[in-house]
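Got some structures for you, see below.
Look at the two complexes coming up: chain A is in both, with chain B in one and chain C in the other.
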Partner chain A sequence: MSSRKKTLLKVIILGDSGVGKTSLMQQFVNGKFSQQYKATIGADFLMKELVLDDKTVTMQLWDTAGQERFQSLGVAFYRGADCCVLVYDVTNPKSFENVSLWRDEFLVQANVKNPENFPFVVIGNKIDVDESKKLVSLKKAQQFCANLGNLPLFQTSAKEAVNIDQAFDVIARNALQQEENDEFQDEFNDAININLESENQGCAC
Partner chain B sequence: MKWPAGKVKLVFVKSKVYVHPSRRAQDNICGFLYLYAEQGSTDSDLVVGWVPESFLAADELEQFKQADVSASGEVFFVRRPSTGGSFSWQVPLRAVFSIQHRPPSLGTMNGSLLFNTRSSEEKLPWMFFHDVECPSTQASERQRVKDFNVFGVGTELFWGGAQFLEELGKHCVLERSTLENSVLLVNPTQDDLNNFSPTNVEKPQYGLKNFSQAVSEARWNVLQALARVTTFARSHVNGAIRDSSTLKSLLVHPEVQKVNEDFDSARIYLAKWALGVQEEADRNRAQMLLNEEMRQKLYKEMGIDCNKLSPEEIQKAHENSRPVSLLEWSGFFDSTGRLAITVDELKDRVFHGGLAPEARPEAWPFLLGVYPWDSSSQERDDLHKVMVLQYDMLKSRWLPKLTDEHDEYFKDQKFRIDKDVQRTDRSMDLFKDEDLPPSDDYDNDDVANIKNHHLQKLQSILLTFNEYNDKLGYVQGMNDLLSPIYVILQDEVLSFWCFTKFMDRMERNFLSDQRGMKDQMTTLNELTQFMLPEFYIHLEKCDSSNLFFMFRMLLVWFKREFSWNDTVHLWEVLWTDFYSSQFHLFVSLAILQKHERIVMAHLTQFDQVLKYFNELNESQTVGFKLNELLTRAELLFLKFRNTVSVMDTYSSTDDGSAKSPIDDHLRKLLSRELVIQKELQRVSG
Partner chain C sequence: MSSFLQDAVITESVLVGASLSDIQRLCKARSRLLNSTERTVIWPKLAGLPDEVYGEVDEGWRTQPCHRDEDQVMLDVQRTQFLVRSGLQTKDNEKYREELNDLIVRLLREHPTLSYYQGLHDIAALILIVLKDRDEPEVTYKFFEMFSFCHLRDFMMPDLTMSTQMLNMVPECISLVDRQLYDELSLESMKPFFCLSPIITLLTHDIKNFSSLCLIFDQVLACGSIGIVVYIYVALMINQQDKYLEKIRLMEQEDMFSREDLVHNALSKFLMDVSLDDVELAIADSYKILEKWPLEKLKSFKRLRKWSVMKTTSKVYVGDIRKLVQFRAETDFDKLMKKQMMPSPMIVKLLMNEKNHRLIKISLSVGIISIVLSILLNKHHPQRYTALCQTVSSWLVNTNHAGKLHSFLDGLGLP
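This part shows the complex of A and B:
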């Protein structure tokens, strides 16, 4: 058996209905875009393996339905998240306004240890549309992200595969960092447990 | 010998034939099974019946006892046996439709016969032949042993019932059903023969290469005829999987190893693989379907005794497996277009067979309650005119809002509708093409720019519904519920009204506080605990006992898991409310039960379970038949109903001290009345 420990990074993707969460995930994991995707009902996840520098990690990307009333039942899988992606649609100002609501909702439900340090990444999707249709300016978004503590921001198109890999690379790195911080905590606890155990066990065969 | 006035002639008598009213031996009632003739009657006028010993006066009792042991030729006249008391019975041979026979076996000790009459109301008790007590059977047995001939052809087990049947065979035609060996048809008509002895059902012939295929083709008839599930095969298969060296060698296969690398998705992969194996095994096990051992297993696993199905029920199940054709549907109505059969008969038919595609546009408005069952064609035409007017009126309420910049709620709702309509069943032919000319009003990319004219109809209907039920409004997922209705009816107005009726029962799925969904998940949770306790415990270990993974199936009634054709079939079955207005929960339970063993053997975590059920593509799995799932759901319902009634009997004799575990959630499952939960005030989002 290989002693290399496998790293699973759990990522939650949130945002209003129709901003393109499912499309982004599909583009990143399967490299395609389809008009035939259906609105998400309930929750689902996709897995993707990624090499970061010399480390292989597996990302588990969680996708949920965007309409608010369906969130209440699905919070179970927020737990243990390593990174949260907040998506808005550049053609839809309301979806942008809601980004901070999604962030708050996540922090409340996921019960994270250090809310100030928890990694979020913001994505403005659908930049392939006509300039005239872009109702959320990049400047406004940058301002917003700076205010929330310098959150990384990406402008993407799931349809034309623009900036997808770049965005998810940063998401993965942030998640990994978070994971390692958490692990440090866990290993610290484990070390104590192991010490306790070895005291009871006379033989180490 | 002269025929004494007022008496009947005993043609045949078997003593020590019992009725077993309960499982306790002391409750057994001993009596005589007899065959008598009236004066001057023919064979077809013979009467068969049973009378308890205790009902006979001393002299008559003596006559019966002698008739039992006498050699043929001796004649006994008696008064017509009484039919008083709760178990004695009498029917003319003419009225007997079939006889089911269960020879004695280790499991049941005493052989038994059941007479089924042509009228389904009359249910006669099973007749148990206590051979060891019966003088005539004992005598014949001794005779047979004496005459024993190694080369004799009569290898069938000898017992009292067989003797009775042998006698009966002298007076009428007894035809063995090829579908079910234990059923003998009495003077069958050609129709009976077609239904119960179809010639295409081959007797199993071992060694034939395509035997299992032949059986799997014939199997559905058999399955239907016995309303039987394949659950019993499951335990075998799982044993096989657990010990399987194939599975172990598969684990070292490089491809599998690669999958294994991927976190635990290998487990899901393996679980699916196991499902494939199981289905294959189920199919090959079909050859076992008719044997007694299997029946016992089924009884153990499901608690349902197939032997208790009367031939009428079997016949019904068999006939009903065909979808209702348009011709048959039209035949349900008289010349004025009024229903000529009872609503229950019709629903029974649809529940068990579904509808043929061409019957759907006719039938759905009835099933959904848009057209009253007792209406005439004329009344429906009038109703349709009113519906057109009302629809136009509702539509005129939102049309002006399209240009009202200040109605934020409407703008949000329209946006919601537009983007969901754009994502509705786009793989369906009807919705696939962009068949409308480029619009001047919208940019190409605008979600509001709907480029298919059928999708535009969906949009109008949903906007109108948003107006019609303004407290609830449009909520995501409703598009999934509308689309099949529209595709079947292809009429905007009728689709709208059918949709509103469907939404009456589905409103509970869309409430802003999700109360209705929670209620259903709670009920399903309790039902699972009650009916599949082992599985429930496993789900708890997987953090999955909240059944969140069933959410999608419940919200849009299995539409994402089943193929289009299976979905519409399932929906029309559910709309009948034949057993319960919440039969969808039994369908859910049937799905859980179907996957129980595999999930228990392979999956241990919430995300694995969710993924497994999310990726169920039931209709695409090899050998999946919706009918099988529905039969399973039906049996689960019947078992549930039985269990509840048994528990109620217990708790009522217990002077009500022990509280019944059946709470209101579960009890409501027995009701056919719709569960309506409505949004009380408008909530956006």
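This part shows the complex of A and C:
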């Protein structure tokens, strides 16, 4: 059934202000980079069609505001997400520390059915800078992702288009997996409901 | 109209001597003819700054403790795109960034109860660029300070509650002015977050044309209220509908996204390419809408907290603007902000939350019905009433509910 229907994958991109959420999305969707994307206020989405193996999917990528005060809007935007991308800036240790806070906040607000299995992907952006400016080591990030249940980790540069397609390919595949699980779950629930109804009828007789 | 309002060229000396109400009328009627030099005189006057010599910049703030939001300010200032204005060189951008950072950080350090929000930097950048010609940085600061306190306080609270309450005025206005559009966009069933950025930044984040923004700020200052921005935005939404509705319909055919998402997406972007003519037309329309449906008549206005700028220092002003200036000069804004920050009493919070409305109604109804029933029963069938009371009390005793009630009351220290 799912192969005939058009598949929409909803992806939410979160992370501290200035880590490069808008840049990552622009690089992936439009293949361009600007030194100065304006701050994102509220949230909005871009879309991109992808072919995964032989299946065409449309990704709906939600870009969000990084300032903490806008987090309360999450409830309105996170619902129905299939994957959540957590972005930090390799030159900014605070943004890395906040990754787990963003993850917790997402789980609270998105109201996902299965928090343990919900797909997250972690991205450390701005790896184009000098080695001396990199303050979050790859090892530390790998350790962190392992502790959170082996979350996929990518080191990217939105500026120089490094690792962008690879990261979004994994994001899309995980989102698709999640979407299919949800669909399966829904069908499974429907099946149970039907059974219950027929059981009830049986009791009534 | 006096000849001053009809002169093609308004000299600075004329403006200095002009009455405030003339200037107010000038901004509303002939805003497009003003240039930046004239605005440097008009804006501070209309904002309510006393006519005095401001002199050197007060640098005292530099030694005051840092504000919690300074990192965020720096991030946003670094990526501010200064609006293109004739006579200003983009090579000076670094210098402007420094001045912009100082302007915002000084406000925060001098008034630490205010919080910075993303978007304030766009408003500050416009003010900085316009008042540049006056070459009196202290006036720029005093103007920005007065403007923030009178008009932006609600957005500078620690959380978004007061900001989002204000957004509800947009769909309500649309429903009054263009019901068909309201229905077409299904605004009833969605949160109005599409207008968050236009409203809290007074359109400075979304419209990228310097002259358009100057016209809009002329109106804010002439009306003494950011309420006019709500109406300008509503007028733009109505006038530009053909452009974005077409886009929504096309996307809808693909049967991919929810209607709510499509509407949000289209409305978040339509302001990017509105022209100066579009803005001028919207301003003219906004006054017509304002006249027919003034702010005070909107339900969403009534639901705003009593300290909201819309109900206090940013009311739409009709009449002698000198009184407004006087009022602002006498207001202790720091005190006002502290009052505004005080949490509402529990009962107000309960009532404000729409989810609780039904619960409160049900509880009240059940309470009133049981009182009425017991009175009626006692009056007409006193024996049955006594029997019923006995049944209830024995049920309580048997199931030990009474015991639980007693221990609960003991816990509270009640008899």
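Criterion: the second predicted complex is superposed on the first by the 182 of 205 C-alpha atoms of A that agree within 3 Å, B and C clash if a C-alpha of one lies under 4 Å from a C-alpha of the other, contacts with A are read in each partner's own complex, and residues count from 1 in each chain.
Everything below uses one rule, namely that contacts are C-beta pairs under 8 Å (C-beta built on N, C-alpha and C of every residue); 3 or more make two chains touch, one makes a residue touch a chain.
In this text, all values refer to a predicted model and were calculated from it rather than measured experimentally.
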Clash-or-fit label for the pair chain B, chain C on chain A: clash
Chain B or chain C, by number of chain A residues touched: B
A:18 touches, of chain B and chain C: first, second, both or neither? both
First, second, both or neither for A:100, with chain B first and chain C second: neither
Partner chain(s) touched by A:30 [first = chain B, second = chain C, both, neither]: neither
Which superposed partner A:137 touches (first chain B, second chain C, both, neither): neither
First (chain B), second (chain C), both or neither touched by A:111: neither
Set intersection of chain A contacts, chain C complex versus chain B complex: 6, 8, 17-18, 36-39, 41-45, 47, 58, 60, 65, 67, 69-70, 72-73, 76
Complex contacts: residues of chain A adjacent to chain B: 6, 8, 17-18, 35-39, 41-45, 47, 49, 58, 60, 65-70, 72-74, 76-77, 91-92, 94, 129-130, 132-133
Partner chain C, residues of chain A touching it in the complex: 6, 8, 17-18, 36-39, 41-45, 47, 58, 60, 65, 67, 69-70, 72-73, 76
Touching residues (chain side chain B, partner chain A) in the complex: 261-263, 265, 412, 415-416, 419-420, 422-427, 443, 445-447, 475-477, 479-480, 510-514, 517-518, 543, 546, 548-549, 551-552, 555-556, 560, 606-607, 610-611, 614, 683, 685
Complex contacts: residues of chain C adjacent to chain A: 72, 75-76, 79-81, 115, 117-119, 121, 158-160, 164, 191, 193-194, 196-197, 200-201, 205, 254-257, 261, 264-265, 268-269
